[in-house]
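Here come two complexes built around subunit A, the first alongside subunit B, the second alongside subunit C.
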Partner chain A sequence: MGAITLKESYPVEAGDFSTAGEASGKIKRVLKKLGIDSAIVRRVAVAAYEVELNLVIHSMGGHMDLIVEPDYLQLNVHDRGPGIPDVDLAMREGYSTASDDVRTMGFGAGMGLPNMRRNANDFSIRSTVGVGTDIEMGFKL
Partner chain B sequence: MTAQRILELLDGRLLLGELPEEEIHSACGSDMMSDVLAFPKERMVLLTGLTNAHVMRTCEMLDVLLVVFVRGKIPGPDVLAEAEKRDIVVMATPYTLYEACGRLYSNGLPSGVSTQEGRCGEWVQSH
Partner chain C sequence: MTIQQFIDLTNAKLVTPEVPTDREISCGYTCDLLSWVMAHGAADMAWITVQTHMNVVAVAALMDMAAVIAPEGITFEAEVIEKAQEEGIALLECGETAYSLCGKMIAAGVPAD
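Coming up: the complex of A and B.
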């Protein structure tokens, strides 16, 4: 771990589809400005967008923290519940509890969590029902 | 394939922006943005029948160069405004998603999926 280049926090409101993606868009622009390789920026942006959508669709709100170090980038996400009863099931491609409304908007295919894991170099998830979910993603720069 | 060639093959109508000069290397056709996000590709055109603002937000994350709305669908001004904010070029075609993808594929534009012969790998069981 090196010196921190940048640390920012982005709040995400529950159920607010009209702004879903704005935090991820900001993160992408910040990383581009820092001159990070475009392929890595895209991987972070996709993972950030997936997790932001999850917060909007499934959570009671939360925040995304971006920490950039010279050779490593962390995206740490915390929400205020409701928590995931079976994390292993939620990590399976194709598993989704999203509503039909969400599906008509083009999401809810059950690809979000697996896609985050696929894009990040390091991925961990902890969830407690009634408390909330923490997702930590790490990207080598 | 150039964006100009795509416009010709799809009898397209340019709705926003100027056709990019850089070569387009891959294409994706889907109404499911979750699936589009799962298979990012370089220098991509997205063909879709979904006309909401999330299409543009998804395209921003993936650096999509060009969006083609199929089946004669013209998105609303709010969606075009989202595209404009992100410098995304937008086109419409009268063809269906299937036909439009077929025209591009048969003229040499690959899917860009890196796994063997465009296959996506594991089977995915819905729950």
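Coming up: the complex of A and C.
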């Protein structure tokens, strides 16, 4: 573990599509300002956007914590529920529980969690129904 | 191909006048599923989609895309245009279908990726 360069927390409101993507945009700007390689910034931005949209679409709200160390970046996400009954199923590409309204907007392709796992070097998810979901993503810098 | 050359080729209307049109387009793409685009998008891409809501700009900005093109006479709302100008993403409205626009871009030498 290196010294922490930066630690920030970004709240995400449930159901607010008008501001969806703003937290990811802020994260991207912060990382660019830190001079992190643009290919890594884009991978973090994709993963951040996917998890942010998952919070907006599926959760009761939560927050995304960004921790940047000299050689490692963590994006730790916590929500306040409702939790995922079958995480293995949720991780499957193409599986989605999004509503028809949300699908009409181009979301709900069932690509969110697989996209996160694909872009992060390390990925873990824990979920308890009625409590919430924690996702931890790590990126080597 | 630059954004301006795309406009000249397709008679597209640039609705973000503050965004420079001399930016080079690296590749073209068409898809309306945002997560799919997040998985396959690229920097400096020109993305054709019938989706015109705010999150289209968010996806384009996060992927460092050059332009988003609405085909078949579809128009962007004022607040979406404003956001795109802030982010430096060119928004174009065009009468042709996505299929036709892709054909023209490929014929002009714009690669698929």
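Note that the second predicted complex is superposed on the first by the 141 of 141 C-alpha atoms of A that agree within 3 Å, B and C clash if a C-alpha of one lies under 4 Å from a C-alpha of the other, contacts with A are read in each partner's own complex, and residues count from 1 in each chain.
The criterion applied here is as follows: a residue touches a chain if its C-beta (ideal position, glycine included) is under 8 Å from a C-beta of that chain, and two chains touch if they have at least 3 such contacts.
None of these values were measured; they are calculated from a predicted model.
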First, second, both or neither for A:Ala109, with subunit B first and subunit C second: both
Contacts of A:Tyr95 with subunit B and subunit C, given as first, second, both or neither: first
First, second, both or neither for A:Ser24, with subunit B first and subunit C second: both
Touched partner set for A:Ala45, first subunit B, second subunit C, both or neither: both
Which of subunit B and subunit C A:Gly130 touches, first, second, both or neither: neither
Subunit A positions touched by subunit B in one structure and by subunit C in the second: 17, 20-21, 24-25, 28, 38, 42, 45-46, 49-50, 105-107, 109-112, 114-115, 118
Touching residues on subunit A, where the partner in the complex is subunit C: 17-18, 20-22, 24-25, 28, 38, 42, 45-46, 49-50, 53, 105-107, 109-112, 114-115, 118
Touching residues on subunit A, where the partner in the complex is subunit B: 17, 20-21, 24-25, 28, 38, 42-43, 45-46, 48-50, 89, 92-96, 105-112, 114-115, 118
Contacting residues of subunit C [partner subunit A, same complex]: 32-36, 38-39, 43, 49, 51, 53-56, 58-59, 61-64
Subunit A-touching residues of subunit B, taken from the complex the two chains share: 31-35, 37-38, 40, 50, 52, 54-55, 57-58, 60-63, 122, 124-127
